[in-house]
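The chains carry the letters A, B, C and D, assigned in the order they are written, with residues numbered from 1 in each.
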Amino acid sequence: MIIVLKPNIKKAEETAVLKEIRKLGYRPHVIRGVERVVIGAIGDERTQHTLETLTTWPQVENVMRVQKRHKLVSRESHPRGSVVKAGDVEIGGRKLVVMAGPCSVENEKQLMKTARAVQKAGASILRGGAFKPRTSPYEFQGLGEKGLKLLAKARAATGMPVVTELLAENHVDLVAEYADILQIGTRNAQNFQLLIAAAKTGKPVLLKRGMSMRIEEWLLAGEYVLANENPNLLFCERGIRTFESYTRNTLDLSTIPIIKEESHCPIVIDPSQGCGRSSLVAAMCKGAVAMGADALLIEVHPNPAEAWSDGAQQVTIEGFAKLMKDLKPLAAAAGREWPT
Amino acid sequence: MIIVLKPNIKKAEETAVLKEIRKLGYRPHVIRGVERVVIGAIGDERTQHTLETLTTWPQVENVMRVQKRHKLVSRESHPRGSVVKAGDVEIGGRKLVVMAGPCSVENEKQLMKTARAVQKAGASILRGGAFKPRTSPYEFQGLGEKGLKLLAKARAATGMPVVTELLAENHVDLVAEYADILQIGTRNAQNFQLLIAAAKTGKPVLLKRGMSMRIEEWLLAGEYVLANENPNLLFCERGIRTFESYTRNTLDLSTIPIIKEESHCPIVIDPSQGCGRSSLVAAMCKGAVAMGADALLIEVHPNPAEAWSDGAQQVTIEGFAKLMKDLKPLAAAAGREWPT
Amino acid sequence: MIIVLKPNIKKAEETAVLKEIRKLGYRPHVIRGVERVVIGAIGDERTQHTLETLTTWPQVENVMRVQKRHKLVSRESHPRGSVVKAGDVEIGGRKLVVMAGPCSVENEKQLMKTARAVQKAGASILRGGAFKPRTSPYEFQGLGEKGLKLLAKARAATGMPVVTELLAENHVDLVAEYADILQIGTRNAQNFQLLIAAAKTGKPVLLKRGMSMRIEEWLLAGEYVLANENPNLLFCERGIRTFESYTRNTLDLSTIPIIKEESHCPIVIDPSQGCGRSSLVAAMCKGAVAMGADALLIEVHPNPAEAWSDGAQQVTIEGFAKLMKDLKPLAAAAGREWPT
Amino acid sequence: MIIVLKPNIKKAEETAVLKEIRKLGYRPHVIRGVERVVIGAIGDERTQHTLETLTTWPQVENVMRVQKRHKLVSRESHPRGSVVKAGDVEIGGRKLVVMAGPCSVENEKQLMKTARAVQKAGASILRGGAFKPRTSPYEFQGLGEKGLKLLAKARAATGMPVVTELLAENHVDLVAEYADILQIGTRNAQNFQLLIAAAKTGKPVLLKRGMSMRIEEWLLAGEYVLANENPNLLFCERGIRTFESYTRNTLDLSTIPIIKEESHCPIVIDPSQGCGRSSLVAAMCKGAVAMGADALLIEVHPNPAEAWSDGAQQVTIEGFAKLMKDLKPLAAAAGREWPT
């Protein structure tokens, strides 16, 4: 750690800082600069007491970390990109993976129709929500287990693995029984107990970025999964909260090169939540594919106007088919194999 | 709801919208404006299908809600301010309430020393974390049940009720056994399963504002508590995430008059998390008291430099005593009774 | 406009609102809903007094606009996309346009070397700053007129039109004498006097998005240009300010489909300012091209480590050449003609 | 500066960094840590080339500043708080200063009535806009010189000094002729040419915080004023842009203790722009006074519903009188003398 002292402090104040640094397990190294004294504190920042607490002392101006805090998810620790398998589908390999399906599972007909249609258009994983976290208690909360059973039925019919959201520790066994990938939603991205429980199932975990999560915090939330001995982690960007109100969120596509640089885990882009507007989904997918996203997560509904949740961001079956057709040349230009 | 149609659309496109509005259970009312047609859709927006899904139709420009989405927490539904009791302490009454104690419970000596000191200075509720949500899996995660037992011991010794964080549904019974107020942290502010579980204990719930939660979303998260038949809700502002990096968060004191206007539930201010810098805590407390906050939640540690979590934002025992002394005349000027 | 009244108000309070609406020039139209009365006020919101002031009345809950506030920049008013010409280069046509060059003009050698290199790699417009807005008064403020003269020399040598920033009304004549496109920087995006002065030169204006500008505000700032009889407007996205600190800004690529939907003016993407990190520039360019950006604005420096401004975000000459090579197949897949 | 190298780099790569550091004028000081090499580069960061450009080199992980970038505005350079005089009124002294008046000057009657009323209630400086920066070109742009003349008339009648916004370098002489304090608005907070021009008049400059300005950037914008030999600077917090939409901006009251800690210049709070809602103004003023703000800037209008600009945030004359009455005991408790 780097400790910057205030200018013009007394020698005894400096000595006290050096003593405390040693007490907390670091070896101090003093640099006398033009106006300020700077102390390099040598030691493992990840396992030892942070020195940031020293900012409560009047003679300390600032404390800065040197080490990155994430470890197992880091590219440093695992230079080759990881490939995560869901059923027979590989995410993080040469092939582009498209996960598609309705926001919420509503009934058998809606799900089956959508599943068959998205598969035909090139999707290889089926998405669908059975437990839904809703802003208001008066909104549709998902079909629950019934929804999971319908997803399993759709998987049996199509062969597509299933990704669905896990909302609560208490549902872990239930959801893990039916799902091939456990999705952790944006509102639970720092619900560490849930992350640990999900990790322990051994199933792939798709970790959405929290609405206001910095990259570092997202990597560290992922670290909870790997530190609990589950290497099957997918990072999923779904838009961050900003001042902009035209879109529901601001989809941060810079996460694609950033996650590739910082981590070995695959990166998935969710343009549906990312914009909250179906008219923008196709363009965001194009950008994501060109930039090297490993997978897309797209909400598709046979009749978005009557969807039971988030209708405004779901594309129609026809819209999805057209989008896939338009993506094909871009995937080729970006050096990706097409799913089928 | 208000549906704004695009200019220059065909009659058949307008008719289709009117038909869909009726199908979804609303009664449409057409207004022909200067450039656009606007439709008022009459019906209960809280219980019926939202019409926001209509924005997926090409002829629809915009859909706006008319009703507020929160109900039980609203001032409309309960014009007098609510008073929430924790042990013998009333929050929301004439008296200012100060909740104080360490960020994390570390050991008996640290806790007892702090508890006695904050009580002496005027605090009436003891805070302390036993389960800690930490950004990194390598950081101290709290003493768990051992911490809860120490809190109970401090309560027995001082008579002060205890507020502590509930992190996981699986801990509800355990934490509720020891705590007088269940704190829901910022990272779990939209963990609705946890909110429901906390509500069902009947204990007062202190709901921190999510890091990037809009007022409306916060009110609706609170609605989950009241809708599960627990009227003992406290809203707690703890700073929101912004672009500013000088402070850890931006403490939004405008929430005091806003919560008072929109809701009948008490409002608590947490200046420690709110700024992340101990040197700012005293000033933020002054502002909060002058503006009518019902309670303050302040982190106090005998030796912040060696605190096991969030040392940078904890004030010393001496600092807390001075702060309380400085607050007294402001509380009086604001028409509040002093705690003792 | 839509005026939502509070529930349970007196008839006289409603009547007062209706009277005021008429006084302010609108025709009110009352809708009685389930809980609330809603008033549609018919009239031209763009030219008449806004009714948002009515929110200061106790009986008014909310006021919402119906009309969009931008007009001349809107796609509605001009359904075909505009093509803006700078010298012989068309922006907004079939060809992808790349504007490249150093952040600051430093000296003849640096500029000439960069200009020749970027042209060879496929750039068709030269960028370079002569007047630099710097956060600190102690940083390099640009070469001023000397820089403009060097830009003119580079244009003479290469034939490339020049884009450079206009910082102050007092420099309008000077900068317009040398530049082919006047750039309005993010810090001046709502400096309306400067926008008007730039518009009046008749030269193309490249309007960067303000750091915290909503789409609507950006469109309206552009409206200042068109309303001053200059149709040659380019919108340039350069990243918005968010809580993220990994990147300097968050480049919002969703602006590409949004500007295409809302406006007829071309959209330019600046990935250099947008990320503030040279290692991310190539990926962001790929996304922008795939999504249909009309032009890119890229900072290139022969030796970024010694650049006089913003070195961290500038790519090397070799980096730029590689980037251009990598973009070519994506431009083709996106249906764009290559610059040369 | 602190340069953090990547782990496991070659010796030659380290040597190259050391050589470049020396070339750029710093003296490097190497610290070998647990995993990484850290270099302290000794030299004046404010006047020399920044080393942040080294992040473009592959072997460099991170570069951090040590020195603060502001100097003349800093509390370090001027430990006693500055007092700024406008006419006979001292800002930054024991007395609380209230600046009040309409958002825009509309006509003589409106201005005179408001001026007399706010003075009677305790205001000591008159505010009023003559040149108005408006989001849309179709909105009222201010009376211009006519407005300035009316302000001068009101000053003559009441003896109150006048604060009014300066929008453009071209108006500097004109506005400085009539105004006692030159206000730089939020949209121009980094319009450095305007800041320099304002500074050169020698008149007090009230610098509003930019909508998305970090504290450091605000201090540096203020540095432009002092570096141009005008010590009469007032910082004015007016709310920052966040994701919240209930209020127009988020008024950041933590700026009061922060500016007091970092700078010797007075701090003014503008609760009108800060919230954009008249119902919140009184509470925000109470907080500001309790926290030690030197002055308040409040918008007052005889009839906000018909105000020509920003009516929603203006309080009535009666509302202002009540607010002042309510502030009095808080000012006393905060140790401030009352204006009259």
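By definition in this document, a contact is a pair of C-beta atoms (placed from the backbone, for glycine too) under 8 Å apart; a residue touches a chain by one contact, two chains touch by 3 or more.
Note that the coordinates shown come from a computational prediction; the quantities given were computed from them, not determined experimentally.
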**Complete:** Greatest Cα-centre separation from chain D belongs to chain A
**Asked** Hey, which pair has more contacts between C-betas, A-D or A-C?
**Response** A-C
**Fill in**
Between chain A and chain D, the Cα-mean centres are separated in Å by 38
**Fill in**
Chain centres from averaged Cα atoms put chain A and chain B apart, in whole Å, by 25
**Asked** Roughly how far is chain A from chain C, going centre to centre by Cα mean, in whole Å?
**Response** 30
**Request:** Among the residues of chain D, pick out those that touch two or more other chains and give their numbers.
**Result:** 212, 241-243, 245, 279
**Request:** Write out the stretch or stretches of chain A touching chain D in their complex.
**Result:** 2, 4, 7, 29, 31-36, 38, 40, 42-44, 62, 64, 66-67, 76, 212, 241-243, 245
**Footprint of chain D on chain C - complex, ascending** = 20, 24, 46-47, 49-50, 52-57, 69-71, 133-138, 167-170, 187-188, 190-194, 211-212, 217, 220-221, 223-224, 227-228, 241, 277-279, 304-308, 311-312, 314, 316
**Message:** So in the complex, the part of chain A that touches chain C is made up of which residues?
**Reply:** 212, 214-216, 240, 242-247, 250-254, 256-258, 261, 274-275, 279-280, 282-284, 286-292, 329-330, 332-334
